[in-house]
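Note that the chains are named A, B, C and D in the order they appear, and that numbering of residues resets to 1 at the start of each chain.
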Amino acid sequence: MSEPLLTMSGIVKTFPGVRALDGVDLEVREGEVHCLLGQNGAGKSTLIKVLAGAHQPDAGTITWRGAPAVLSSPVAALRLGVATMYQELDLVPGISVAENIFLGHERARFGFSRRGAMRQRAVGLMRRLGHPEIRPDREVGLLSAAGQQLVSMARALVHDARLIVMDEPTAALASDEVDNLFRIVGELTAAGVAVVYISHRLEEIRRIGSRVTVLKDGRTVASGLPADTPTNELVDLMSGRKVEAVFPVRQASTADERREVLVVRGLTRHGEFRDVSFTVHAGEIFGIAGLVGSGRSEVLETVFGARKPDAGSVTVDGRALRPGSVADAVRAGIGLAPEERKSQGLLLELPVAHNVTLASLPAYSRAGFTDRARELRDSRATLERLDLRPADPRRLVGTFSGGNQQKAVVARWLVRGCRVLLLDEPTRGVDVGARAELYRLIHELAAEGVAVVLVSSEVPEVLGLADRVLVLREGEVAAQRPAAELTEAAVLDIVMEGSAVSEIADVTEEAV
Amino acid sequence: TSNETPQSTGAALAGASGANTQPGKQVTIGFSAPAADHGWMAAMTKNARAQAEQFSDVTLKATEGTNDVNQQIAQVETLINDKVDVLVVLPFDGKALTEVGRQAMDAGIPVINVDRIFDTPLAYRTWIGGDNYRMGVNAGNYIAEQMKAKNIANPVIAEVAGIDALPLTQERSQGFKDALARSGFSVGPRVSAQFTSESGEQQTSNLLQGASRIDALWNHDDDQGIGVLAAIENANRSEFIMVGGAGSKNMMDRIKADSSVVKATVLYSPSMASSAIALARLLGQAKGIGDLAEHEIPALITTYSAVVTKDNVDQYMDVGFDS
Amino acid sequence: MVAPQRELTAQQGVGKAPPSPGERKWSGGLSFDVRLAGLLGVLLVLCAVGYATRPDSFLTEANISTMLRLAAAIGVVSVGMTFVIISGGIDLSVGSIVALSSVWMTTVATQSYGPAVMVLCALLVGLGCGLVNGLLISYGKIVPFIATLAMYASARGLAERLSGRRTQVVTETGFTTFFRGAFLGVPVLIWMLALVFAIGWVVLNRTTFGRRTFAVGGNAEAARLAGINVKRHTALVYGIAGLCCGIAALMVVARTTSGASTNGLFYELDAIAAVVIGGTLLSGGRGTLIGTLIGVLIFTVLNSIFTQNNLDTDIQNIAKGVIIIAAVLLQGITARRRRVLKT
Amino acid sequence: MVAPQRELTAQQGVGKAPPSPGERKWSGGLSFDVRLAGLLGVLLVLCAVGYATRPDSFLTEANISTMLRLAAAIGVVSVGMTFVIISGGIDLSVGSIVALSSVWMTTVATQSYGPAVMVLCALLVGLGCGLVNGLLISYGKIVPFIATLAMYASARGLAERLSGRRTQVVTETGFTTFFRGAFLGVPVLIWMLALVFAIGWVVLNRTTFGRRTFAVGGNAEAARLAGINVKRHTALVYGIAGLCCGIAALMVVARTTSGASTNGLFYELDAIAAVVIGGTLLSGGRGTLIGTLIGVLIFTVLNSIFTQNNLDTDIQNIAKGVIIIAAVLLQGITARRRRVLKT
């Protein structure tokens, strides 16, 4: 084997009150896909930020191609040949795709932008990424999550880097987009570029990974493992405990399963989805599958009243809801755990406890005054249940790792107690162990008689949890069947049918 | 009192005469005025300071000028707490500071109320100030005379007022209107500026655009007058006569030179601040005004708004303030 | 994905890594925060300077009472402004609303009904203007800056029209006697200031309403999806700010025994400055009322020092700017030092 | 992912659903935007009103030239303010910097060196003050509101001190002759306004510096991670704003033939209002200079209509507020109508 491209050893990084990295070692070779594994909050993102020059380590050494390197700033890292796709997308919403790609190293002559040159290069990159329909002049803020992820990717590619770091790039992607991403990764490694890859989806690691490094509580617990190490072993290393089955066995529900709780009839929003109808019974888990951009989130938000439907009705326990009124939906007992945890879910500047009780404030107050002791007690219990680390309800949510933030969003609806719970990608970025716990909680809720609607981009998750599944394709209901009658391959067939190319980014502009 | 002024200070100062020239007991005078945000008000503060310098037996405590009555009340209270001997107060709003004036009088500190008058004589020992209404009247009379002399039957008479929300502006405008009405004239286009040259230029530019011909224009304040004149020059207009207000040195120079549209200005001199300090000293030393038969200083002193024209300008040069 | 945390405090980190201020824990409650300690330090230093320059008069009861009574009106306005800014808005119209309330409550007609009606009138006018702001912003979807700018012009215009630009003296002695009086040796105005602050603090930190205010300012979309009626809440927050202006109008009228359209000049700037110096984020979602109170007091003490030491106005202005900068830098340094000591 | 787009325009959506794709249009460059069209509509309506009420004088060449000359100074200041606000900041000190520059360039000493030095002096003073703001904000880490508030007080104080609060008349006739003159029949001031806008537009939309300004304002952390020197950039943006104030000072001095510490009063409010009405987000990252220009013109035309129709100040104020609201609502409605027609 050749000399390692990058060696990081003994890296320490502390934040006030947290030792995020406590002596991490990492070794990456040319042309390999090196996977970083670890629970939520293990320090993966912090480590790659040190590698990207965005954080300065408190201790430790970094060696690049055998020579010691100091990554004092993002520019220094880029100059060395390290390009990074951060977990939290680091794009500027108000400027164009091309400008985002070239941000910080714009092509210019005497300070004047060479817009043509940049545009051309951007077109080439988007074509290479398989999405020529994302035009370079398009404003990034208008792209879907997947589209933005592609721009991030293009930005990493434009640098001709020796090492590309990808922090959970597939969290916002559905299966077809994941395939597309892996094709690019394959091209890169074939050209000798090294990739550091972070994901909580172990099957992805098996597909593309070369070697695996496992982090736990800011330390390296294993490095250089082969990518085909058995799941049990990896999970064991990550969490120090065993996770028996990912999808728990259903308990017999005590509620009357035949009672219809949520009835959706002919729901339509022009340009987003048409004529969506379904019924969810008490104690039932109802899954919605589909590609990114098929309109699943929009359906959930419309049911919740956050968007006003153009046609159709929503009924809860026989009472028709006022269209477009969140207040009415909440009164009827609907809860929505939204998809975008940062823009739609969290109050980053507030403590976790306040975030958790946000939707149930009336229940935690007497005559308008908040019962802070009970609030703290309940949220601490919920945090512990979801294994949210550190389980300190007074910490600001903004200081938690991505996966832990996601748990806080879901926790909000667990303490609330709903008749109908709408979950939009509840496990995005959540580690394997916590995921199993979340599944168990969803089952428990159903067993208590709650009607659960689950949207997920991971087909096995939908099939494993739901009683019945609805498949959306380009805003239309393509199928609605009991989960037992479906397999992953069958769902993907339905999803792909008639749409060779998915339209991720832009429906309004020319699709190829 | 005479007006023997050392020109070097650039301020119009009051002298002391007779026995009053002798230094007496030390007097601490508290002084409070609105923000010195335009030339006239700045001249008031400056005159007060300069006058206090003149006397070896006077210590002046001048507070930060403010246009917030609430704040000015606190400042006067601070001066009362400080136990000054005499207070000289030019209130931003006379009515609003009445109570604190009375508080001072009740605490045994005589108050000299300058210009904007308190609501009740209980709040001041002596008031000295100008007569805004008469200023308007004098400006109106002068313009009416000129119009008649020129035989203009239906003159268009414009007015550039000061800050409209201040009572003094309303009094000036009222006097102006009343005086014109006596001659059968009325005020035509009218704008209000902010006592600053920039606002004067801006408002006058608009005014001139709206009125293709005017015969006379009264501008309330010579400070904003610089801007008013600039606007007139910018518009290349000269068909009318202009009368100023307050009496700045700059305006008097122009009247003397007689090369622009400015033909007169109506005095409202900041020299009253100098007089107020001189009076305060006398009050503090329990003296009267030398030339008067009274043993006591009078309760009300109104300065006169003379009309300064080319003919008498030399006589008034010394009270002209730097705008 | 992160809404950029651009400003954290009066000291910010432009383009720094997401700053990690002290222990990043919630300190809305009583618990004392490093930053607030720094701010308090600045206030104490200023007091020390005042005492050093005027040992005879600065820390006397009379002067302290004068300072607090001066701080009362702007303090009450700043309470309302703190709510508005935490909720993610801004209110430029506070000064004009104070003027309008003070004029309306002192018209001859209102005064003829006696003191109780005068008080009610001021409060209702303030509340009304605030609600109009709130409705324009939440239901009319006009950005706060523009909506309150419009109110800034209109309310003062209306005040001028109502009063005919005259200063209206209070003839109703019952009103003046009460509000200019004292209770247990402490002036009524100071009681009112304390009361408004106390109520504001409880509402902001101990009630559902306050909690929602932080949520709306921190992330309006998240708040909406959590079932909070963001529009109604926004409207109410501006209503509170208006109500505070009504209370401030009472105080101004009591102090000046008159209502005038020139009252409340520059209150918007003073109040926003006090709130921001106090550590509340202009971008919303974070802030404390205690910081605001200290911010108000810092400006009041500064003024008093200037007045007592007889400084020229122009020097005062220059010094004010320099002191503001020094104060904020000082806070930053103490905060950093403390952080180092702790870890 | 990307910072939530809470405000879209002067009309915002508090707690509205994230706008659906069709509604999310925004155009930064030349391409004409529905919103700008609405704004232009408001301006045209105002012009029509002006013409209807004063058909004899309103749309004359002389009046248009007067209006544009009056718009010149505040227009130039607004160009700088647009840069600052797009970069995510705010500048309260513009008016004071105009005052200081105008005073400094008209001191007897400066005037004795002739017109060129006067011009240079104004530009350097403006640039210097702007850079001080910028350094305090970027390297001193003081929030823009506070840093520029300090400059607001200090610069005006310094101007008062320098001038002794006198209005300093320009005696150097070369200066006045040039700047009050005309070129090709168009007054020099209007040329300057046009030039500053044109250069500003090119810098903002066609240079790396301009595009980075959007990035710094839209997501400072992302800009930093992309290797942009955010601190230096921020300092420069405030420098530009200061330079614009210096240019505006030239214009004010030319118009009033004098420099005074009272120049530039309320420019900060007027400039921010014009920028915000013009559709630039106060939260940074989005905005257009064309919108700003239209915003400035709207206020200028409004003033002209008021004076030409001889309205009382109080009525003017009330009307101003109402018209601002109406204009913003009207924009919103036209924007919505257009959108419906499109789909």
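What we mean here is this: a contact is a pair of C-beta atoms (placed from the backbone, for glycine too) under 8 Å apart; a residue touches a chain by one contact, two chains touch by 3 or more.
To keep track of the chains, here are their UniProt names: A = Sugar ABC transporter ATP-binding protein; C, D = Sugar ABC transporter permease.
A quick note: this is a predicted structure, and the numbers were derived from the prediction, not measured.
Student: Looking at every pair of chains, which two share the most C-beta contact pairs?
Tutor: So the pair of chains linked by the most contacts is C-D.
Student: So which chain is farthest from subunit D, going by the mean of the CA atoms in each chain?
Tutor: A
Student: Roughly how far is subunit A from subunit C, centre to centre by C-alpha average, rounded to an integer in Å?
Tutor: 42
Student: Nearest whole angstrom, what separates the Cα centre of subunit C from the Cα centre of subunit D?
Tutor: Chain centres of subunit C and subunit D, defined by C-alpha means, are spaced 28 Å apart.
Student: Per the centroid of Cα atoms for each chain, what is the distance between subunit B and subunit C, given in Å?
Tutor: It comes to 35 Å between the two C-alpha centres.
Student: So the centre of each chain is just the mean of its C-alpha atoms; given that, what is the distance between subunit A and subunit D in Å?
Tutor: 42
Student: Subunit D: which residues touch two or more other chains?
Tutor: Within subunit D, the residues that touch at least two other chains are 1-4, 18, 160, 165, 218-219, 221-224, 228, 313-314.
Student: Residue numbers in subunit A touching 2 or more other chains?
Tutor: Residues 54, 88-89, 306, 340, 342-344 of subunit A touch two or more partner chains.
Student: If you look at subunit B, which of its residues touch at least two other chains?
Tutor: In subunit B, 36, 164-165 touch at least two other chains.
Student: On the basis of the stated criterion, which chains touch which? Give every pair.
Tutor: Touching chain pairs, listed by label, come out as A-C, A-D, B-C, B-D, C-D.
Student: Can you tell me which positions in subunit D touch subunit C when the two form their complex?
Tutor: 1-4, 6-7, 9-16, 18, 88, 92, 136-138, 140-143, 145-147, 149-158, 160-161, 165, 216, 218-224, 228-231, 234, 269, 272-273, 276-277, 282-284, 313-322, 324-325, 328-329, 332
Student: Considering only the defined contacts, which subunit B positions touch subunit D in the complex?
Tutor: 36-39, 42, 46, 164-165, 189-192, 194-203, 205-210, 212, 223, 226-227, 229-231, 233-235, 250, 322-323
Student: Within their complex, state which residues of subunit A touch subunit C.
Tutor: Listed in rising order, the residues are 14-17, 54-55, 88-89, 304, 306, 326-327, 329-330, 335-336, 338, 340-351, 353-354, 358-359, 361-362, 364-365, 368-370, 372, 394-396, 398-399, 412.
Student: Quick check: in the complex, which residue numbers of subunit A touch subunit D?
Tutor: Contacts found on subunit A: 52, 54, 73-75, 78, 84, 86, 88-96, 99, 103-106, 108, 111-113, 115, 139-142, 145, 148, 172, 269-272, 301, 306-308, 340, 342-344, 507-508.
Student: Spell out the part of subunit C that touches subunit B in their complex, as residue ranges.
Tutor: Within the complex, subunit C touches subunit B at residues 57, 60, 62-63, 66-67, 69-70, 73-74, 160, 165-169, 176, 180, 252, 255-258, 260-263, 265-266, 303-304, 306-308, 310-313, 316.
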